[in-house]
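The structures considered in this document are given below.
Each of the two complexes below includes chain A, the first together with chain B, the second together with chain C.
Our next item is the complex of A and B:
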């Protein structure tokens, strides 16, 4: 059984500490930019429309003093995966695909439509990777948690409580290292008793049963931990009314302008996307 | 009373969200299957949350799971499919539906046959995961429909069976804990 040592410090995304203007913007402004770049990044149907958010993210990254090579570092390892996707598209054909055949090899053919899908997927992926990378590089975990609350506040009128989701996210981020450690402990304990995860024979049900001694204790312990935490919170008088925050996010100079710019950028990318149809 | 349940639900959602992130980050979330393919158990915490605490917790765990899958795909991609998981319509939206499907299936059988209800919830949640993720992948042109159908049949059905076993195991263990003496007398007097 391989890989029993797991990451001691698990984290998702990489925050780059800096004092730049971009870093100091309010979390809600960063969420707005994230949204305004991601929506066109996904929705654009032209090459240019999918690439523009990437360009803007790199410009914003420069303003945040984050090197483009840092934001694009994820691209190199995925190149072989992109080739794999291209091969997959080549081997299987889409029903009703009557676009021109670019080249054929025996029963398989690469059509113009498939080539376009692959190219668009590549641009889109690089764009979205860079945008999300920029967001996690400039927004700490705490900020993104508070940002969720601020962004979803309008939903409060519908009776939904965004601070609940924000709290759940905060709890999750706190619990990840603890639960990863617990997974490791229980996996080791069961392995020392001769448990065999994965390499054993048998059908899926048998395999799932082999996983029960790991999965059930980990889940039950996570639930017990949650229960203890809920009790501790209640004992300390946790209530949703009138909560204040330790961290405050004062409005920066020009913040309103930055927000309007996000919306304008989104609209502009879609306009350009329509204008250059197919390019 | 109402407030008590709420805090508990929030924290349980957080803990199960953390569990699915931990499963995603370690190799234990993947169970090796033949020919290098592996079966995922990462979505099982979503189903468990929906079964033991209701649809809101299922949605919440699903959202945490989906967003962290998206961030991981963007910052440290592992496989070819991660390329497309940077799109929230593929990585997040289907995961919201997992909890909902699991809860609906559980509600249909709840009370009458508790074990059957939990297992059905596992199957429904897992099938919803495979179906909507693969469906979204096809919609966005990531994989041709024929591939998606093959994966659904080869992987999705097996994953559903596994999710049923794991959900049943966790839910019966947890409900057993709740009803037995382990739970303090005070808790019953609420």
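Our next item is the complex of A and C:
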């Protein structure tokens, strides 16, 4: 039998507490690396170019003492999505696609170009999930919140309020476990009244239908919880003017070098991507 | 000068027909300890929000430190001087780490970093959470979360801390610890305003305010409130008296504002000079007769029940949440438990001791990580097990089941379950109406009421009606009476008792030992293991271990204190009525009529109101 448990598959927001050098870097440095790996991960057009960020993330993960299996775990829940993308690619053909047909099934044909696009999509998705997984495994919720504030501080002169944005990020992260918990409670309440969750029966449409009665109460509960939290924040004297911060992130040794390395890595991946064209 | 003053204050929620509060005048001084009591919807929470500056009165004036909250600077001052702790622990935690959460208030005040650090450390030390400093806040227990909320308030150095039913969601031990924090605050000169539904908590304060439908009907000391014959106690009907008051009234003794079981036992022993004839018949002493191995299977020894069929069986069942991840938490380890059919069984234990997980295992909502679970004769480990059938024959009402209501109209929501069972037409209507009637919601009156317009107590009963409508052979209820006022609590427990009498196997998780004492069997969970199992008499008299941190029914505490004074009761009462009967019987020197008169759980409170 299978129980109802939603928390287990929430890999985003699972911070792994450790004293490693990677963990101790400033949040703004981690955001820089996140950006410098994600941009080539999305933008590279070769297999190697899309896979290199993944490789670097796994190396950084090893330096942060995080097992590759932990980082790759986030890929599992989106496997069906990838299969769906692959099916779509093969079902519809690209206009002017004159690459060779690999195999045909009735009116549908899989061409070399389609196969290449599917492979690229898979590599990209795995890369991105791993990079994000590495970021959340090495950056606590508080750090991701303060990182936003630090990164956006220069924009404060343009009238943007970095503290407000940072708080929005912090509260959003705080709500991940809250919503997962509410969802689980409500699913359990309805499953014991005969709704089909985790009983492993019925087709995909029946399964999707079973989730419909969840939306209303989960949305209502999310709004109620948000209202309660807003009230609690106000009661604790929430203010935007002249707010100070407890957390401070002193510069680590070699931090400047680590930041330059991020930019160099990004540039190098794009250079390699261009050089190996097609590979 | 008063710290807080209310002058002719009324408050009307936007769009509401009648005011939540009308013409309230009162003052709270520095360092005072004030309790506010009243039934659900009497205006207690609105009052706190006015004191705190979260809301401003529609009429009249609230002044905090002499400044009116109708002015913005007065409102800010009120928010700063009066800290507020809410009922639901998790809702008031704004940060993902303990330390960051406490820092939120001081950060908003714009204090320098060193000062924030100092305040965070001292606030965490004051509530005893230093060790949890760097932990993610959502991994704390409910009791720890509530202490964290208090720390977050303390860090802003308020002159008054207001608690809005802050103990209602906590287990007895966590409750005691939060009450202890209140005492410590008062001792350090900070005023405390405590809103509660529990009269025994209110009696700890030096002053009690009673609200009734938005009006202040009493303002005075607990002693004055409990003084017999006071015409104002009529407003107390919905809340009832504290246990010691009820018992004193039953025995014709003077009611004291605050009294320990031991103190009351001393007065009873003095007032009822019983014949000291040694232990009663059959040597039935209330002193624990230490038994050998703790019984694991009620009925196995022939005492509890005729060796009938088992409704549920756990064999070496263990369960871990987040199994296989870095945050794996073991919630149950190696539970052996057999629940006979047609009995009322109470699961008790601290929050996090495994009660809820055990209920969900029985219902097939969570899968055991190891061990066996059999539910109504079905082995849940089987590969082709029909989980839907198991879940619907033993439906579970989760904690606060009203959260899961989703239909617009009341009757539609109740119909969700029966529809899933394939009922329709007349059979469906019959099932829905009978379950609503059972839950005390008249079908004709409530069927077309909007779910969201119902009161908290009505929504709880509607959710329970939805579970009753499954018509299962068993009912699993997870804290069905939590955060209800005493009147609604009684209605729900009466319903539970009725179902058990009809032959339905009922398993109830509860923090109320009075409710547990009314069950056929009590299973005590402690740290994920089954610490004891037996009938209430065995559990509370023979097997009881303070390390469980669950407390005992007040009547049991008094009975044991009486025995310690050489006052032999001749029986082992479990509730106040039984205790009063036993005291009366031993005075007459006659054996009591019943061994342990066990009327309904609400019996004691009923008697209190009958005075």
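Just so we're on the same page, the second predicted complex is superposed on the first by the 185 of 279 C-alpha atoms of A that agree within 3 Å, B and C clash if a C-alpha of one lies under 4 Å from a C-alpha of the other, contacts with A are read in each partner's own complex, and residues count from 1 in each chain.
Heads up, the rule we're going with is that a contact is a pair of C-beta atoms (placed from the backbone, for glycine too) under 8 Å apart; a residue touches a chain by one contact, two chains touch by 3 or more.
Treat the numbers as computed from the prediction; the structure is a model and nothing was measured.
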Which of chain B and chain C A:193 touches, first, second, both or neither: second
Contacts of A:216 with chain B and chain C, given as first, second, both or neither: both
Partner chain(s) touched by A:205 [first = chain B, second = chain C, both, neither]: first
First (chain B), second (chain C), both or neither touched by A:105: neither
Partner chain(s) touched by A:14 [first = chain B, second = chain C, both, neither]: both
Which superposed partner A:247 touches (first chain B, second chain C, both, neither): second
Partner chain in contact with A:165 - chain B first, chain C second, else both or neither: first
If touched residues of chain A are counted for chain B and for chain C, the larger one: B
Partner chain in contact with A:178 - chain B first, chain C second, else both or neither: both
Which superposed partner A:89 touches (first chain B, second chain C, both, neither): first
Intersection of chain A interface sets (partners chain B, chain C): 2-3, 7, 14, 170-171, 173-174, 178, 198-199, 214, 216, 220, 225, 229, 233-234, 238-239
Chain C residues touching chain A - in the complex, by the definition given at the top: 52, 54, 76, 79-80, 83-84, 86, 88, 90-97, 99-100, 103-113, 116-117, 120, 134, 136, 138, 152-153, 156, 321-327, 360, 363-367, 380-382, 385-388, 391-392, 394-399, 401, 403-406, 416-417, 419-421, 463, 466-467, 470, 476
Complex contacts: residues of chain A adjacent to chain C: 1-5, 7-8, 14-17, 70, 140-142, 170-171, 173-174, 177-178, 182, 185-186, 188-196, 198-201, 213-214, 216-217, 220-221, 225, 228-229, 231-239, 241-248
Complex contacts: residues of chain B adjacent to chain A: 3-4, 6-8, 10-19, 21-23, 25-28, 31-33, 39, 41, 44-45, 48, 52, 60, 63-64, 68, 70-77, 79-80, 82-84, 86-89, 140-147, 158-159, 161-162, 164-166, 169-170, 173-174, 177
In the complex with chain B, residue positions of chain A that touch it: 2-3, 6-7, 10, 12-14, 38, 42, 74, 77-78, 81-82, 84-85, 88-89, 92-95, 117, 120-121, 124-125, 128-129, 131-133, 136, 164-165, 167-176, 178-180, 183-184, 187, 197-199, 204-205, 207-209, 211-212, 214-216, 218-220, 222-227, 229-230, 233-234, 238-240
